[in-house]
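Chain lettering (A, B and C) follows the sequence in which the chains are written, and residue indices restart at 1 in each chain.
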């Protein structure tokens, strides 16, 4: 298997994991099957879609390749069946898988942006957007304030990974190496944050209205 | 009147009906006149706009033809006046009109997608998106979990109609026939769902946070 | 300094002010530093981005010029530091600055739309969208019904300014003059609305569900 194929598989794995987190959130809101599918698909593909729209990078990935929608849909249906059969949800396994998906999406987003000749700062924003915007859309549609704006380090892991990727690329490392190291940075930052409960400082402002 | 003119009129009728549902929701949130206009326009035109952005199908319909915005605005103002004059809102008439609008939007969305050479599965998604995304935006901006992810069969009617349209098209039926039958499928599915309270199974997941 | 430079500076000033209102809202929701940055950036750049996507006006301004993101980020960080040092927030000064930002964004939005050869009615909508959509996104993500759909005249000031700009342009006034007068119309309408509590009539509809 080539590096490209491995990366494509990782991408689909990320789609599957993000779709599962979407389906679980939809279940917490007691949505019907259609709602579960939509929330799963938006969570999995929303970040990359928003990135492509802003970069004018057409066609959007899932428009021509229906494997993305298929994987997201099957993951959603699988999640519903799993819960119906009263199988336990392995929380820490899911968090680890989510961290892996986040790593893939961040690197893909950064790379797509660089291919569109944007400044490095914009590429970092596109990497973060690809990683987190789907989850933000999921939370907003489900009427929750997005978790990633409050809980332990999440987007910060994307920023670190995206910066690493750009730095290594500028140094001229081979593609499999900068991709691999950048993904590892996201993954390890995220695992460390979960393990030791690391969080960014919060900004509390009393509502005086 | 040609078939094209009839279809265009149906499209404007769908815009008007969707705008009314938007204005009513804005009224339930005690918005001011500007809020009523914006929610009405987003409900009526949001689904088609999102579809065109994702398909890179420019110019977006209402950009060059201001009749769409005009019809949506007049419907919103008319709704406010109607309620101010304490005229009753005919719920079942509105639901029937909404089902008709849903049928038109679904067929238009599917057809526009097919003209952009996407796979059939993407065309179905675009048909559903055109039909329901405006209502989802309305509910999200008004701080409600989208109704169509919870209540009786709605998007499922779009899926059925969109699939029917694609199937008949592949069979080579004349345009007025595949359009008409596909619209009828949406309309009848929706009316049957309302009449007998048909709903998709719900996915309940206890919140253990 | 040329008129163009003055206008560019005004634009950046608008970005800074809108970012501050975003950061303050994020603080009211006790978000972490990343959340504060994201909400500030979306509030400052969301309206113009949506306008550019719908008009297919690429590249989106902040994609190639990272000064926009930088100004928004620094404003957000500055706001957090200011509040941490328990300095008071000068409400009426902020409202005045916000009115100025609204005036700049409205004129820019209208002008960009006209350059894309759309009808005047669409240009007005794009002016209003550029002025208010960032604030709407801020409120929706923060789980609030957008304030501008409820409180005293805000978007109406944009509509007045946008119409003035188009009218003067058609009359052939020099660019610095139509820009200046249109901005003044937004500013004065908004200040008058704040001073005398002017508001559009509200549409109250009892929820009978």
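Points worth noting:
One rule holds in what follows: a residue touches a chain if its C-beta (ideal position, glycine included) is under 8 Å from a C-beta of that chain, and two chains touch if they have at least 3 such contacts.
Here is each chain with its UniProt name: A, B, C = Membrane protein.
Computed from a predicted model, the values in this text were never measured in an experiment.
Chain contacts in this assembly form a complete graph, since each chain touches every other chain.
When the CA atoms of subunit A (Membrane protein) are superposed on subunit C (Membrane protein), the rotation angle comes to 120 degrees (nearest 5). Centre to centre, using the average C-alpha position, subunit B (Membrane protein) and subunit C (Membrane protein) are separated by 30 Å. Annotation for subunit B (Membrane protein): residues 53, 56, 140, 143 touch two or more other chains.
Contact residues on subunit C (Membrane protein) toward subunit A (Membrane protein) in their complex (touch as defined above): 23-24, 26-36, 38-39, 49, 53, 56, 58-60, 62-64, 66, 69-70, 80, 83, 140-143. Listed in rising order, the residues of subunit C (Membrane protein) touching subunit B (Membrane protein) in the complex are 53-56, 118-119, 121-122, 125, 136, 140, 143-146, 148-150, 154-156, 199-207.
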